[in-house]
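Note that chain A is present in both complexes that follow, paired respectively with chain B and with chain C.
Entry: the complex of A and B
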């Protein structure tokens, strides 16, 4: 599924909520582990930037939006299920391929 | 591309898109079910509205409850509906007693107008400023930051920072500054006074220096360590030295030859309070005779703190004295020589001044008249020989003193009346003036001779 290039994410959070904090921690850990130096992560507090919600049709927080590569993809929750996150974002296949090579 | 797709292909793509969308909604429902969602965003008329779930409120509440600033929520009527622990600490109340109270009641009368302005302004956004709270008779200066909580809450949130310590520090600083300013003023006054005094001292110093420099004597002042404190121009003139090079130097350092000399000893003695007028000495540096005076300079308690030395150049006077001494010696020798001539003469010789007083006589005279030369000196002729008055001899003396010239005369002795004298009256001329008369007599008839 991957078409190549840098991974670009936007993570929509609600200030200091526990789940949002966990989501930030989890996505950072996953990115550093599987795609280090190959990603851009922007964290958006919806209280400070509410207008961005409509742009990406966000209806709940925290929500991770993968902008590229490939199709736009959204994931909800604290992102604690690593396999689900990798699979959902198409990182698992890339990581495995890289590990094999 | 799309044109080449069959109807079946399009249906497959649509099904895949629907599957993805369904997956997303399933994820959303699952996340909500498992409590993995903090907030829901609902868009009304294109404007997003955020509904925070309980978990977020908890974190904010803990934060607000525990941070050091005071936090209040007040209704649009000014009723306090929430106060955090820090606010209780700031005003010294309990939450229960402050909740439900109108904030107006704890605003200091002097701050009511300002608070009203801030309160009104906050409805349209944010406002901040300094006010004073009053609670249980205690005034508390605070910094307030007001934010509108609309539309979710019909009221205002206020963050309150206690400025009591800051104000105390400012007050303390202000007092310190006041003291500092007073001190500064005093320092300036004192400085001005000292400047005036310094000017006066400088004037006095200039005057003293002018006096010292106008002196023909060498003047120098030494401190207790025998260092030069003051010197006049004469020193520079005599010693060909710059005064600046001598100031603060010890006399023995400036003039090594003075070590152990009378000069060093005299300065030391003077610094112990003694006035010294020493003998003139020949300065080897300038080859001049100097007459030194050492004068102790004492304070009001009579303690000597400086030694003033005045050295007068007496070279000319000293040379003149020496010359006079030499002349006197020569004169003495001359007198002795003259006396010898007088005494070796066979004539009887007496010398009188214009007042007819004896200046001297010779040995022959002493023997003949049985008198001593020293006894006659200065005595009047008539006092010694009253019988001579009015005689021919007297007349001859007066003639000589009057400038007449006389040949040698034969005169009968008056004192020795039995004798005849062949007498010469010679004027005593000094610097072309007749100062007296020299009487030289030779015995031409003696009693024994007459008898024979």
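Entry: the complex of A and C
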């Protein structure tokens, strides 16, 4: 699962809506906790950049797109379910392994 | 297609405004089109033409009503759509390049999506809103939005968002078509009809007796009256067209013009010298009685006058028909080449009756023929029951009459049941204006063809049963020949004519011999007279001789009286 590469994310949000703010807070927290200094996060306001929606085929908001490492993955929602986010991003396993070791 | 005058009828503020759908025939059923500025739900099973319906709505909107449109596809990628639509005559790539049409393919891939909490579909709204605003779209198609349910698991969010989406579309003022897959107990799998409640159109693709027909029904149209029947519709290279059968009325104009039957002697059997233009003619008869030939004559006649003819051959292929007719001197090929004659051959079982009617309707609209020939109409019975066939015929004949097209049908009848096939004959007899029957006249070991006119509305006609022959140079109607036992045909006619001439000859001979006898008698008489005269003359001569002798005797003997005096 680990390719050693840097985690690259794009987070699509709608202005400062409650779910968007929550999603930004959550992803930042998760990244700092599990992959500190090993990620790039770009936050995109879809109202300002509607064309990027087609590019990444986004319909829901907020959506977190993981571009690398591994396959492209989309996380819908405010990212409040941390387990799901981690398994979706392929981070959880690594974190557990670390804990066991 | 909506006419300008009709458009005005809907422009008053009290009446729901409608947006012409661009689908031939649908606007007549909906009385003007789809509700303007509102979403319409089109639902149906797989492969019933939903996507095409939507695409045609957009393309025609652009090309005919100058209303740009957005097509949001949840199923087919843009490239596939482009390919599929070009085969139906819609060049959507070109329209997209002209910024009249925008296609957005939304793909929701379950495998790459993880739902991690609350979300909304604002992304979809913005995408759609952006697409609409970028080209000033008036029409929107969402095809098929239910695919979202396959990609996203949180249906409560989805439902709430869809409800919001449809409100938002209404608010935007775009006329939208939303397609939905037919559900088992509801119109759509996800019950979209709950949200889109202004207009619901149901498409259906049914197979009955191995014949499939596409049908359309307007389930609901809020704020408007609409046709409630199931209407058959057709998908061909020009897209979707619906045939609103009930819109036909019996108020067409009638013509007083006469068209020839194509056979001079047959014309003479009608007091006006042919058929009325725009009337319907039935030629019924048993197998092999030259129904097709008579029909071909009429086709030839129409073409010769420069009128177009549409020939539906349900038994023969165009080439076969052309070949067979050329054998009796009818050159159909020349008219086909000139574009005056179109021969359409198909098996009746190719599709349902409604479809046949629809095809016909389309061809009539496109080709604008003066005459239509259907050979034979009785074959259609094989694909429908009695009721269907009769309703089909009524509509067909009405359709042709409304267009002032002279229609000639042939009908194959059974030999045994009074020479009439009940199904077709009964249903058609009251509809046709002229009815010619051709039949076999059987006797003395041979069959001959006889023709008579059963009825001819609006004109007198001959009551004779005329025998006709098919020769290399064409059909020939023979004069009526009545023998001691009725009408004579074929070799009986020949026999009769021969006997008659023999009798005539014999009579002549008799007269001649009588003449000779009289002559002889006269000669004998003359001879007798002569002989008698000679006899008489000899008697007279003898008498004279005696008289002379007597006088001489008297001279020799002197008279005693004379001497006494001295």
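For the reader, a short list of remarks on this structure follows.
Methods note: the second predicted complex is superposed on the first by the 97 of 101 C-alpha atoms of A that agree within 3 Å, B and C clash if a C-alpha of one lies under 4 Å from a C-alpha of the other, contacts with A are read in each partner's own complex, and residues count from 1 in each chain.
In this section, contacts are C-beta pairs under 8 Å (C-beta built on N, C-alpha and C of every residue); 3 or more make two chains touch, one makes a residue touch a chain.
What you see is a predicted model; the values in this text were computed from it and never measured.
Chain A is touched at more residues by one of its partners, and among chain B and chain C that partner is C.
Of the two partner chains placed by the overlay, chain B and chain C both lie in contact with A:19. Residue contacts after overlaying the shared chain place A:60 against chain B and chain C alike. Applying the stated contact rule after C-alpha superposition, one finds that A:46 touches each of chain B and chain C. In the superposed pair of complexes, A:68 makes contact with neither chain B nor chain C.
Within chain A, the residues touched by chain B in the first complex and by chain C in the second are 14, 19, 46-47, 50-51, 53-54, 58-62, 74-78.
Those residues of chain C that touch chain A in the shared complex are 104, 106-108, 112-124, 126-127, 129-130, 148, 152. Taken together, the chain A residues at the contact with chain B in this complex read 13-20, 46-47, 50-51, 53-54, 58-62, 74-78. Every residue of chain B that touches chain A in the complex is listed here, in rising order: 24, 27-28, 30-32, 34-43, 46, 48, 50, 52-53, 55-56, 58-60, 63. Residues 12, 14, 19, 22-23, 26, 46-47, 50-51, 53-54, 57-64, 71-81, 84-85, 87-88 of chain A are the ones that touch chain C when the two sit in their complex.
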